[in-house]
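The structures come next, written out as structure tokens.
Heads up, the next two complexes both have chain A, just with different partners, chain B and then chain C.
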Partner chain A sequence: MTTTRFHAPERLDEAIRLLAADDEARPLAGGQTLVAMLNADLLSPSQIISLHRIAALKGIEKRSDGSVRIGAMTTHAGLARSDVLRDGHRLLAQAAGRIGHEAIRNRGTIGGAVAHGDPSADYPPALVALDAVIEAVGPKGKREIPASDFFQGFLTTALGQGEIVAAIILPPSLNQARTHYEKFARVEGDFATVSVAVALWRGGVRIALGGVGPVPVRSAEAEAELQAGQLSDAAINDAGALLVAASDPLDDVRGSADYRRRLIPRLVKRAIRAAQAKDAR
Partner chain B sequence: MNAPGAPIGLSLPRREAGEKATGAALYAGDMVMAGMLHGAIVQSPHAHARILGYDITEAMALPGVRAVVTGDDIEFRYMGLVVKDETAIAKAKVRYIGEPVAAVAAIDVETARRAAQLIEVRYQPLPAVTTIEEALRDGAPLLHEDFAKYTKIYDAPVGRGNLLAHSIATQGDPAKGFAMADAVVEETYAIAAQYHAYMEPCAALAAFDPSGKVTVWSSTQSIFRTQANLHECLGLPMTKIRCIAPRVGGGFGGKSEATIEPIAVLLAKKARAPVRLVLSRNQDMTAMRSRHPGWIRLKTGATREGRLVARECELWFDGGAYADDSPAVMNFALYFVRGPYDIPNVHCEGHAVYTNRMRAGAFRGFGNPQMTFASESQMDALAKKLGMDPIEFRIKNALPKGARWFGGQAVTESTLVEALETARDRAGWIKPLAPAPLGKRRGRGVAAMAHSSAFLSTGAIVRLQNDGTIAVQVGAVDIGQGSDTALAQMAASAFQLPVEQINLATPDTDSAPYNSGTNASRVTFMVGKAVGEAAFKVRDQIIEHAAAMLGVTRDEVSLAPGGRVVVTGGSRRNAEVSFADVAARSIWAVGGPVTGSSAVMASHAMDKSHTKMSGWLSFEAVGIYTFGAQVVEVEIDEVTGAVEIMRAVCVHDVGRAINPGATVGQIEGGFAQGLGYGLFEDMVFEDGRLANPSFMDYKIPSALEVPKKIECVLIEKPEASHPFGARGIGEPPLVGAAAAIANAVANAIGKSITRLPLTPERVLRAMLEE
Partner chain C sequence: MSERVAVEFKVNGATHRVSVPATRTLMAVLRDDLGLTGTKNGCEQGVCGSCTVLVDGAPARACLALAATLPGVEIVTVEGLAQGDTLSPVQQAFLDAGAIQCGFCMPGMIIQATALLTENKRPSDDDIRHSISGNLCRCSGYAKVIEAISLAASRLAP
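Now for the complex of A and B:
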């Protein structure tokens, strides 16, 4: 008979060592997914390594180059009301504010949510749209992985054995963008049926979709079309069609694949117009 | 009746509010006993399979495991309200995915769960039928080969495959009625399975005492139905079964019959120790019950003046793997086939079908929400066709006082017109809605509804205690709706005592008189009536004692507030004795303990010459029709099809609001649950497997989906047959909610959606097809 052991190391290297030595061990951040999975008997880890006491994983910091480094243990609620995230970076705060309910946002962390790699979750499209970088730490040390490479499939990320998300880095460039996160869900607090993260700036357009494929969906052609067409209705329609073609939605309780395909162009238009409306500020 | 200061009509706080708010309240899952073990269940992975055998060696070898129970531990003994077709745990066959097939008791929950995973059940899978259509196909595999042999309390369709119940009723001459019609609408309405979503998943604690008597504390709506089911499926005499309800975290119909009590008792017996079994949310959603899904074909005709003349209805309910309440729910739906209207010519046929899916059962409204969705949708379609205002059309056809209910019962009171007019005025119906903002559409819809208050039987015992306070013993469980507070208020009013001086005993089959259950909107009405009758007997005895003690006649004394009896005239005017004085005299000197009891039975004669019925359960113990009307305003997002409820006006006849705060709470809660039913709640079964067995995937309304203000208007016209004037209000607020929402959506998009729930996807599709 096995029992689950619990550790709460203070040092990051100690946590990494414990995780790397045992592939049945699981890191615990906010526990909003892990604990639910334990309760549902979907997981029975040999060890739970709590990350709560590790100071290196905490805090949001604006760096001198204008980039923002968000510690993995930052809660969704903390991120949603952070005044370090400004202008274009507000996209991430907006996404954080739409995760689950208040109680979930008070416990759940960005590191845990990102490491879970759920394509219907709110962070993945927002991070891809913001060109974010995931700082991972593992037994071989630290590495930086662009968000667009980090999400590899349904609940699958680039993290290796014993590796955890240590921080999220938002590059300074997209701080100048006008951004918007548009989420559609059956009820408040649900995972997205479809979500759209938009960043618009002088030199380009970036759109990432959530809930319509195993990873956040982008289309370079759609973005080029929008850029060339100066965000006209016609350009948005064409881009919407290209994004539909790039998507690979499933039929599930949150909506049929057909419905999701119908929503994509509609929500993309709504998101772009909402981002443009932020111009006034 | 109501003396000044008596606590009827006051919004007193719940008796148990403090303990619930602080978390101190004890639910079955919180209870502990010395030596108590913890249970876990094993659920069937097959929709239909023969059980070939079990291997429990590994599970029993796990340290800490005390007992494993399987079908081998029981005989073929069956329980059930209308068909006895269920054993305590699966035996010989499993009939749905999620059915409990084995259980284990161990020293802690973790060990029990782990042991449950080690139990091996060998199955021979059988072809399954997971929809009504599949179940009815020629040569379809039978769920219950022994259906003919089962005990049934209605005329069942034996030898017709998986057909569980088939009921027909005819009133008037439908062919002639349709011949008179200038406008006819016919439509098929599809309805989804809704989960009860009570806050507390099913839980039970079972403990045998040295005499061999088992006590079961469980999350139940009826201690007496629990006792009866245990008796039937385990073969124990009722002298050996004691059922108690501690605090219960909701039921909504799902805990009307046995849940997991039989399994807890089997484990406790085999382990020779108390066993507590608590289902996880996932287990509760996959093992217990749902509202009946199915479809209703409805055809209605009216004259060009807007007079309803004929209706025809064909109803199919998917009952799932066990009968449970299905024939009764199906019959009750048909009982509301006319809605609250006077339709002279009606023909209806209803069917309940066994399928390899979790059973459907009682659920707030009991078939009426399904029928009301169909009927009220059709009323709007007809009004549109006739060019009439929907409310005007309804008023024109409202069933008046003195008319007959479908089935022939007398309608003793009707407030339908008043409810509709009040809803119309309150909602500002004649004023057009403010124009919708860009990208949105707005609409407004109405639904009228009726429901019953009287149901089955109950009793009460009321006792004067030594200190002059009053003890009330009833078998009714307060499942969170506030009936304890309402019953205490009624008892307090009978004695002109503050409610604090009323003790309401914990529901316990060892001491309470029989009560059928906390369901059918019946506790305040039926049990309140029983409490009143017993209380008045005690009051009479108190007056008799007091008069003797004061040396005057009965007519010269009267009850005074605060537990006193006072002389009202003559030379001894103002002399008084207290209830405590009376109690002392009764127990030490004269007469014996002051006690009153009552027995109440709902009895409302039906009339075969009015409505011809076959294949029906008797409905004579159902009656007292209560009316209401709701108006809903919606705003629809043209981009996504999402529906937002902007406003809800709910007008309900409550007879007399015993506790107006709790009454409004019932209306708000009922409307909110109806909103979920109307807009998004849908248990999706794929080949018999529930695709959304968690609150992550199955969504119920939160505070953010419910409109900020549900405007409740109470019509208070005291019900003559009730000692305190009350009527039941537990179910009516849900019954019409989905229909009112659907009509508002139809008004907004110019097209009626005939399938529940009205998901954004369905609404968008309807808008794009225009």
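Now for the complex of A and C:
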């Protein structure tokens, strides 16, 4: 059995240097997934590089252009109750409040959850619907990756060796949207069987589904149909069918693929109607 | 580079200094190093809630927190709730309402309920259900748990 070494650097560049030099090292954020994997003997990293002391990864900040930068070490609980997230951006706070249970939300972080890349998790569809950008930092410096390109497959992201999620950036535009996150899970706190993140604004519609494919599912045809049909019942029904066609669900303990296909149109309708009921900007 | 990490934190008001391997969880430290076996080891996946403790006042899963990441924090376990021989209002209400069956989930339930009543003095049944949704009881005795938390809330109400 190898012995795991522990580092908790105060500087981001030091964490990156340690991670880049050793591909068996693992970054630790809130630990709500990584420690569960350690407990199950699924991982035995050579080093744990804890990110909890790095000030550059903390805080939620509204920037002068109206965008919001969320430090990767922001907890789900911190995000859910943040008053920096307003109007359309509340979609992300709503998703954060649906993750696991209170004790998990108190320690789990957005950076860790996003880097894990679970397609049934709550952030991926919310971030895609909000056209968010993932700020990654690695040995070659900083880069910004659109959420729609970041999630590449089941537990697979665009992060390279030694690269971590440093922040999530919500662009200002979708703040004007009416948004809603609708989640169907077997029990409170479980991962989604199907989830729907929707953003509606004067010029368009974005919908992203969780739990029904290896990455968040969108359909340009469905979004065009909803816009052209002005969110009528008929347009929503057509969009639901198009999203079912675009999805690629699996059978697992949270529901069969067929069950998930049946849920999609119902939850899409519920999500759109709930978003419409929110105050327009 | 170190294989063991020295960490100092408070548990139930007393300062403890421990030297832990990198992957040692708070739960292992509490139970095996400090002998505080009130915190129960259930699933080790953060799902069952039986290891819930307060870290700086907020509920956390002791099984998912690495001790090495917790220098300077204040931890409260179920052993820290009573004042001498006097049970805390939540503990007393759990006894009085007959909420305790096998007892395994109770430390986590009681810690979670204590946190709820700190934040929300008059929780509805729905608030209570929501709060304890991450604490599994396999005796399936939730009805009396909800009664117990309501009872504690009513006794604590000004």
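Everything below uses one rule, namely that the second predicted complex is superposed on the first by the 278 of 281 C-alpha atoms of A that agree within 3 Å, B and C clash if a C-alpha of one lies under 4 Å from a C-alpha of the other, contacts with A are read in each partner's own complex, and residues count from 1 in each chain.
To be clear about the criterion, contacts are C-beta pairs under 8 Å (C-beta built on N, C-alpha and C of every residue); 3 or more make two chains touch, one makes a residue touch a chain.
No experiment lies behind these values; they were computed from the predicted model shown.
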item: Joint occupancy of chain A by chain B and chain C, clash or fit; value: clash
item: Partner chain in contact with A:41 - chain B first, chain C second, else both or neither; value: first
item: Touching partner for A:256 - first (chain B), second (chain C), both, neither; value: first
item: Which of chain B and chain C A:8 touches, first, second, both or neither; value: second
item: Chain B versus chain C as contact partner of A:189, first or second or both or neither; value: both
item: First, second, both or neither for A:101, with chain B first and chain C second; value: both
item: Doubly contacted chain A residues - partners chain C and chain B; value: 3, 36, 39-40, 101, 187-189
item: Residue ranges of chain C touching chain A (in the complex, touch as defined); value: 1-3, 5, 21-23, 25, 44-46, 49, 52, 55, 58-61, 63-66, 68-69, 112, 115, 130-131, 133-134
item: Complex contact set, residues of chain B against chain A; value: 62-63, 110-111, 113-114, 117, 280, 282, 639-640, 642, 680, 682, 684, 691-692, 694, 696-699, 701-702, 704-705, 759-761, 764-765, 768
item: Interface residues, chain A side, partner chain C - complex; value: 3-8, 28, 31-32, 35-36, 38-40, 47-48, 50, 52, 77, 100-104, 106-107, 187-189
item: Complex contacts: residues of chain A adjacent to chain B; value: 1, 3, 36, 39-41, 101, 184, 186-191, 252-253, 255-256, 259, 262-263, 266-267, 269-270
